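Chains: A, B, C and D, in written order; residue numbering restarts at 1 for each.
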Amino acid sequence: MTISVNLNADMGEGFGAYHIGDDDSILKIIRSASIACGFHAGDPVTMRQVVQRAKEEGVSIGAHPGFNDLWGFGRRRIDMKPEHLEYIIAYQIGALQAMAAYVGENVTHVKPHGALNNMAAENLDYAMAIGRAIKAVDRNIIYVTNFGSEMEKAGRELGLKVAREGYCDRQYEDDGTLTPRKIPGSVIKDPEAAAKQVVNLVVNGVIISRNGKRIEQRVDTLCVHGDEPTGVATARMARNALEAAGVKIMRLPDMQLT
Amino acid sequence: MTISVNLNADMGEGFGAYHIGDDDSILKIIRSASIACGFHAGDPVTMRQVVQRAKEEGVSIGAHPGFNDLWGFGRRRIDMKPEHLEYIIAYQIGALQAMAAYVGENVTHVKPHGALNNMAAENLDYAMAIGRAIKAVDRNIIYVTNFGSEMEKAGRELGLKVAREGYCDRQYEDDGTLTPRKIPGSVIKDPEAAAKQVVNLVVNGVIISRNGKRIEQRVDTLCVHGDEPTGVATARMARNALEAAGVKIMRLPDMQLT
Amino acid sequence: MTISVNLNADMGEGFGAYHIGDDDSILKIIRSASIACGFHAGDPVTMRQVVQRAKEEGVSIGAHPGFNDLWGFGRRRIDMKPEHLEYIIAYQIGALQAMAAYVGENVTHVKPHGALNNMAAENLDYAMAIGRAIKAVDRNIIYVTNFGSEMEKAGRELGLKVAREGYCDRQYEDDGTLTPRKIPGSVIKDPEAAAKQVVNLVVNGVIISRNGKRIEQRVDTLCVHGDEPTGVATARMARNALEAAGVKIMRLPDMQLT
Amino acid sequence: MTISVNLNADMGEGFGAYHIGDDDSILKIIRSASIACGFHAGDPVTMRQVVQRAKEEGVSIGAHPGFNDLWGFGRRRIDMKPEHLEYIIAYQIGALQAMAAYVGENVTHVKPHGALNNMAAENLDYAMAIGRAIKAVDRNIIYVTNFGSEMEKAGRELGLKVAREGYCDRQYEDDGTLTPRKIPGSVIKDPEAAAKQVVNLVVNGVIISRNGKRIEQRVDTLCVHGDEPTGVATARMARNALEAAGVKIMRLPDMQLT
């Protein structure tokens, strides 16, 4: 039996005069793009350009909604009523759907950004709010969730398609949560170490925590980053290592999700 | 033969702690709502509430996109590249479509707001940009255009459904354009005068300009306002006068547009 | 010996097309205005108008900085680095100073808004960040702090002038903190009850908590509100009751602060 | 007699996760920094950092206010009431003054950004609005104006200190106005050509237009750019060429302005 996995990355996080990340290089490595929707980053012009490029590269289109916080790049936790959160997520998904319509594509996944992702991983109310937005707008959209998180729980409870996500270039704690960015070493900058981590995770279903604990987890998608200086090299090496190990790299909507 | 016309109004222009207009009263008079999309006014929470209320009242849902200018309420002209304008319009339509999905409805018309509407009425590049956004997102959406304007021209050139719009409570110049708001008397505050104007316009296809010139125009929809103190009374009297004259008031998507 | 107290209120929280509160009526009751600075509410035009009106009424000018969150009206907690918070406070104070220069006045106090005030009352890092901003911009500015809070502590540690604030129309918990808005009855809507509370607080240094506990606190300033429907009536009655009890109502910069 | 001139550049136009230009290299070449104030670019954190670095390099601090348009980077013309423009300028100056207070400096010049600068150069109402803001906030602040523009006229009419500005890396039309950016060749990318232009301008008071016409103008300050790829090299060569020609490079507040 062939093992398959998706590779996704955040995209379109520049706007106007501002550029971040090497979207063009990353688009040649990943199979699914999580596109910023103008709240924490991005703008309508950038969204339009990125859906075009994604289409050209055969990369599937997903929404990467965040808090309405350009100055903070969506990395600040904001305490909102869950129903208000729900509607800002639905809004962002809809906005991207309009852009996807330009290239005859659908938005096929949603992956929350930054602090919103972190909060939703821990907080079922937030996780459910995001899930309800997905369900209301298009119940076929895949909810990309940190494996084992409240988001995964919410997605299953709502009957949504759920993709369990691991990070290519991030360390994990013993409980399977991401090591916070402020802890030194939390971002893996050695492409070989990252490649080794993802092959182990995808092929064996195992990830080794920062403290050396063995965690068993199954993943459907791996997140790579194009904004770290070493991001593109890490992503490329991860992909090469996975393919060398016989893993098939697929678009999210083509994955068999359970 | 029965004459029919639509009544539409701007809706959802408050947000957060801010309230504007008497949406609830206006929703009982109009048949189509032009809903602010978070750029010049409104926010996702308000959009969600207004689509709900519109559904309950049997009022059809349209987008009321504007410039990204909360402080200026979208009443300041902004000089953008037409393709950038196009994408901010598509973005706003998509965002509202997501909200309409909550109540199982479609966005069935687009009417630009304020300075954007004024610019598009005069400037074919702007008018076409808005039309292209509509066409890309959903070619069944009706483009609401000032009668005889560049918008109407753009809509027809793009093969879109076009609704020719007149204003219930605004005076007109001899060339059929709206008298600018800064000219005293441009907003008709006498409900009877407004009612008389709309009946003449809808039944006879005639409007009398500020200077007394007779202008022949046919309209599909009439815009009423809920934010002027006299708006609700004017809207109600206009509707009553039209019905008394045998005119049928219809939802925009139910109108026979030519 | 004459007892004196200041009355302050939030001001200028509308902007553009949006109006909130009855600033004109409140300006005739209070002696110090806490003016929104364009982040959670307000805009440069409104700020300019309010400083003018404050000057005309002999009301002293203070800054009412908040989180950068128009949609949330600054009532959502945002988790920022304290030094980033510090600079957004300094920025807002400076912006208001520019407006005050138009009328030949100084910004003489700072009172944080909404969620920022609540967070700073509990969190010394936030409270110190606000205090450092004040100290950097103008060390003569008075730091208005919930009595007994971390803000008061921060202000004293930084050697700033501190005004201990009580609320005219809010209930208190047994520990002297404000009853959260979501608890029914937290906002006192009976003007007579509010007036009784403030006279007891100012004259006797005593406030009775929601559960009937007697709390001893001394206040320098009382906050009234103009945005609640009963706000103006409550503020007026509070002022009248204080004056009837022989209390002198003063501008914040004229108060003897300790 | 020694000829002297100032070199200034736009600074602090990144924010949050976004970086633009090589501020550190440019700070070692220029003598006055025009710092973005959070409207078209920049944020309070960036402003704080740039005033610190400017202070360390002995570079004087000026405000670079723009339209409230992050997505458009302040390069879109916005049609505002002049008095509203005035207050958004005053607001931005005040905000930067607060940051300058951290390093014990004053804001000593104001230079409008992008579309605002272009509009004010042509439109006396806009030029006067900016001048009135300067005058209200601190009448000692120098108004940096395109030479021969409406801004220069406004500055003189208001009795402000005026610095006549030329561009190091921009071509000119026969009437002495800047060649619009959209015309090919409008940005001079050859450092030697730029250096030659500025020496001729500063030493001889002559600039040669795009069409070869000789224009006589005197300048007090030259604008260099750090965001074009060739900007730093051009700025450095311009400075070196000026010094080789015996020109003294001074801070704006140290210049003898007439």
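Definition applied: contacts are C-beta pairs under 8 Å (C-beta built on N, C-alpha and C of every residue); 3 or more make two chains touch, one makes a residue touch a chain.
Note that the structure is predicted; figures quoted are calculated from it, not measured.
Using the contact threshold fixed earlier, the set of chains in contact with both chain B and chain D is A, C. Comparing the contact residues of chain C and chain D by number shows a mostly shared set, over half of all numbers used being common to the two copies. The distance from the centre of chain A to the centre of chain C, with each centre set as the mean of the Cα atoms, comes to 43 Å. If you average the CA atoms of chain A and of chain B, the two centres end up 39 Å from each other.
Each of residues 45, 71-72, 84 in chain B touches at least two other chains. Note for the complex: chain B touches chain D at residues 68-69, 71-72, 76-80, 84, 115. Those residues of chain D that touch chain C in the complex are listed here as 38, 44-45, 47-48, 83-84, 87-88, 90-99, 101-102, 133, 136-138. Considering their complex, residues 13-18, 20, 41, 43, 45, 70-73, 227 of chain B touch chain C.
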